[in-house]
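Structure incoming, see below.
Which chain is which? They are A, B, C, D, E and F, in the order written, and residues in each are numbered from 1.
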Amino acid sequence: MSVVVQNIERADQSVIDRLAVCGVATVHEAQGRKGLLASYMRPIYTGARLAASAITISAPPGDNWMLHVAIEQIRPGDILLLAPTSPCEDGYFGDLLATSASARGCRGLVIDAGVRDVADLTAMRFPVWSRAVFAQGTVKETLGSVNVPVVCAGAYVRPGDVIVADDDGVCVVLREEAEAVAKKAEARMAAEDDKRKRLAAGELGLDIYDMRGRLAEKGLKYI
Amino acid sequence: MSVVVQNIERADQSVIDRLAVCGVATVHEAQGRKGLLASYMRPIYTGARLAASAITISAPPGDNWMLHVAIEQIRPGDILLLAPTSPCEDGYFGDLLATSASARGCRGLVIDAGVRDVADLTAMRFPVWSRAVFAQGTVKETLGSVNVPVVCAGAYVRPGDVIVADDDGVCVVLREEAEAVAKKAEARMAAEDDKRKRLAAGELGLDIYDMRGRLAEKGLKYI
Amino acid sequence: MSVVVQNIERADQSVIDRLAVCGVATVHEAQGRKGLLASYMRPIYTGARLAASAITISAPPGDNWMLHVAIEQIRPGDILLLAPTSPCEDGYFGDLLATSASARGCRGLVIDAGVRDVADLTAMRFPVWSRAVFAQGTVKETLGSVNVPVVCAGAYVRPGDVIVADDDGVCVVLREEAEAVAKKAEARMAAEDDKRKRLAAGELGLDIYDMRGRLAEKGLKYI
Amino acid sequence: MSVVVQNIERADQSVIDRLAVCGVATVHEAQGRKGLLASYMRPIYTGARLAASAITISAPPGDNWMLHVAIEQIRPGDILLLAPTSPCEDGYFGDLLATSASARGCRGLVIDAGVRDVADLTAMRFPVWSRAVFAQGTVKETLGSVNVPVVCAGAYVRPGDVIVADDDGVCVVLREEAEAVAKKAEARMAAEDDKRKRLAAGELGLDIYDMRGRLAEKGLKYI
Amino acid sequence: MSVVVQNIERADQSVIDRLAVCGVATVHEAQGRKGLLASYMRPIYTGARLAASAITISAPPGDNWMLHVAIEQIRPGDILLLAPTSPCEDGYFGDLLATSASARGCRGLVIDAGVRDVADLTAMRFPVWSRAVFAQGTVKETLGSVNVPVVCAGAYVRPGDVIVADDDGVCVVLREEAEAVAKKAEARMAAEDDKRKRLAAGELGLDIYDMRGRLAEKGLKYI
Amino acid sequence: MSVVVQNIERADQSVIDRLAVCGVATVHEAQGRKGLLASYMRPIYTGARLAASAITISAPPGDNWMLHVAIEQIRPGDILLLAPTSPCEDGYFGDLLATSASARGCRGLVIDAGVRDVADLTAMRFPVWSRAVFAQGTVKETLGSVNVPVVCAGAYVRPGDVIVADDDGVCVVLREEAEAVAKKAEARMAAEDDKRKRLAAGELGLDIYDMRGRLAEKGLKYI
């Protein structure tokens, strides 16, 4: 059955914005090393960093009809996230859809498939994380669903979950855990500041983290 | 048999230049969604966009001898296109060959294999779309052919066919269809301009393309 | 057995610096087309070019403990080179480790696995050549070894061997051959300068390298 | 947090057995073309066909400790299903673990990683669907979880969901949908029997499914 | 434009049968080392060896409608060959289609995508060479074409060209070259018989092919 | 420089035969989890298990000349092991070379490239572990070396090192460690026999290996 779920829960916007500041690697660690999408999901240009609520899309291979449907569901601060129902790298999305999504307040796109018009998207600063850049066109014949749970690039994403994305890739945070994760991530950043200074001054991680004893105990030999 | 075909037909230069303006995604759509090379063919630097007549090269794996032969066949406005006879990612081409090709008026290289000296090629603004960046050297021992039809990255290319390439990848246009495709591509661009304005103003594709009825008919449920 | 070898031999620093000037493609050719790491080893940003002595690390999949151990072994002018004991793309290394390594005079990292915090590493101009960019965190539970011979991305590397890396990828030079290779690479560069001028002036490689006779003899037909 | 969930719900055994009879392709179609694991999940020998309740395992890369924990949770008719927390093809499982699992009534293993001792497993007729065959050993240092939801080879699997597997691959059925899916799958098989006879007699799908009109309407031309 | 070409030329059946006897490796060599499909095209069971005339199919990703259309075009001794218009591994073909195709005299299937029901197909001895085994279902919404030239797994195939397939993979022979290739292939086989006997008796290829002088001349050193 | 090293050291034949009995997984564990070739190295048929001394071959891509040279160096009980100098999947080896190698007492082939005539090789019971099955022919134009150290599928192999291969893949044992590894592997097998009996009787690994305390200490929660 193909459905569009119109009212989804989202995390608090201020929490989402705090997650954006922390970035993917820190958020991933803060929530117990879970939620990463596969490493093949790469940004089309470097330097974008954001967090946003996911509008999820389950779409057939080579059919981008549901993107038009999904765009109507966007609220400012959302991000589109598309998972094909079987592996596909076709170019589901280009500059016209980006123009439309931007007009609705969309912050970007995460797609386990292809994207095209990347020169235009880069000029517009519309960030995309994708499996491929591919001009291959798609059709509009078969239904999918919008705002249902999907598996995208190996991660389980529900509508309204928080997507954090930067040059390191993409991470999903459960919307109900967003605040707790933001707190832990911020604490982690604060702790790292101190360590960064000590490491920059030449102290060794071996000493800062007190590793020498345990290494010897495990049997490490210096020769 | 190894041959060099010296007189090939090319499309009209003014038509080729019009195709360059349209770009890969638009040209691909305009000619009925055909002609794309595989998505693994990526540019060594972003921002290049061109169209040119193909000088095709069929070369053995790890042997770049035929590139020297092909360069003599270049006329200003041509592009080299190399397909190895079995999968190979060796670095067939570097800055010396680019210097030579440029001196003959060559616009770039499409190679279903590797390329090297990419920092130099980027500095020279000699555009390359390749399967790999790899410094692996090649030999000059075994013949291939120049200006014969080849399959390059999944696309069938004949000498003199028009190659369109940009950040989205590479597309081939049959030389005898070049003018008709250019017209359709330009018409498509004009039509997109209008749609882009309406989408930017917040109109939805669902309405512009009148999709709601057909979606309902196919069974899409809003919940 | 897990070991840290503390005193390793290195090539002469002036020789290492000469190899950096030559770059990967030239050094690879000069030493007889050997020593390249696989083409999937890509830089996290373009434009870095260096040569350095390898501090080698053999580490379990998903465990970056040995990086802390290895950093203590760095002398100014070294580079870290990590090979996992089975295929892994986890993010073993990020900005804190880069800060620590930099404080010890480290010139960069070559890792047949993943790296994270690439925006920070780019801002720091800490160069990394890796198989993947991936935020996936690692543990510190299982020993590996430092400064033992490893196979990294298909190349055999011993501690103290010279790593040359640039936008074309990564090459290893045996430390005892470094001087001889530098000489040959420099000779090659000098010879290329002359050829580059002639090619830029429009002379053909077919003539400069006197290939026409041998091509005919092998049976190449012009039609 | 690492947990072992000890009491999980399972589908009715008789329903599970009916799903085994239907096989992967039919079950996948019957439940609306969802639930397939990626095509890289291949059986270690041909001819096995089964359905079973999933004991799910989330395990670190290169660490098979949780398999020992999971085996205690097996009830007769279950299958082990392991998803690593980052991509890994190490050989987590071999003949000793298979002996232990068999003694508990385990029907097989689905693992998005590697398996070893495949000659022994084949001789034992212990079926395994895996991403790789690889002898690489693992450690027992880091915790994971047992009987928590996982994403395995692109499919979301909860403990107690029904796994159907045969030479075509692996499919997951939600335990609460198992009975409805079995019914639809059986109906599908019955309908296929009739069609198979007509097709074997030389009738065409074009006629049986009444496709000619719609093909013409879409514009198909016979030339 | 979507078309079905109904009258295609085929090679002589007796020639086709002679090519089947020679097998893929010999035919590929006999025709000058061309025509091989990519190595990822593997048989679903070992031991099949055939030659047949290609009924070619160009189909959209995830849409198997054109297979029904193509089956009507089969004459006894033909083989179906499907190339998707963008990369796809969905299961376009299963036991019902095989039943229908067999009833028309079809010898097998070559598909640069997925196949399912492989246990049934194996029991039927209906040979398939495919990119993947995958149960993923397809739709019947978008037209493609039948009996037009396609690029399949890297090889250019025209309708009526001869497909040779065995455990080594798949090779295409131009229908107009089929007889000449068969002769060369048979001559090659005859010559190999003699060599096989001499090699089995312990003579070395170095001597039979008189390689020692040329090896020395090229600089090979025995140490 | 291209060389053929004619006198290489080998491990004792009785030790080699003992390693064959142990198999890949056990030998790999016994020598400290090192020496495995990549998991993509697969046997062309199941059921072969052997150990043999390596005759190593470094060959250019697409050039099998050195195989003829290497066959002369075979002594009964050896195995050929070929590593191309850049990635290649061409079919370097087929039934004629197998006939010749067999006549010299060769036990099989390990090749990080392609092999062809696999139906014949299977009928001959000539075992091959390869990266690909591919009929693509090769040339005899460029020298390589025989009996020099190579990196093959990620493992460093010296001439005379012991290759162990079975359905799990391929492992290399340093010839000077062969006896010690055989002893450890045999001890491991003996120890496994006891464990296998206890596991078959229903005892849990958790108890046999006394894991419960350490799991609790690490924080595993049963819920």
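General remarks:
Assume contacts are C-beta pairs under 8 Å (C-beta built on N, C-alpha and C of every residue); 3 or more make two chains touch, one makes a residue touch a chain.
These numbers were taken from a predicted model, which means no experiment stands behind them.
Between the contact lists of subunit D and subunit E, the overlap consists of A, F. Separating the centre of subunit A from that of subunit D, both taken as means of CA atoms, is a distance of 28 Å. Centroid to centroid, with C-alpha atoms defining each point, subunit A and subunit E lie 42 Å apart.
The mean-CA centres of subunit A and subunit C are about 31 angstrom from one another, to the nearest whole unit. Work out the mean CA point of subunit C and of subunit E, and you get 41 Å between them. Residue positions 1, 33, 36, 39, 85-87, 89, 134, 136, 142 of subunit E are each in touch with at least two other chains.
Pairs of chains meeting the touch criterion are A-B, A-C, A-D, A-E, B-C, B-E, B-F, C-D, C-F, D-E, D-F, E-F.
Across the complex, subunit C meets subunit B through its residues 23-25, 28-29, 33, 36, 39, 42, 46-47, 49, 166-169, 171, 192, 195-196, 199-206, 209, 211, 215, 218-223. Only residues 1-6, 65, 68-69, 71-72, 89, 91, 94-97, 99-100, 102-104, 114, 116-119, 122, 132-137, 140, 142-143 of subunit B touch subunit C when the two sit together in their complex. Those residues of subunit A that touch subunit D in the complex are listed here as 1, 32-34, 36, 38-39, 85-87, 149, 151, 154-156. Note for the complex: subunit D touches subunit C at residues 60-63, 85-90, 134, 136, 139, 141-142.
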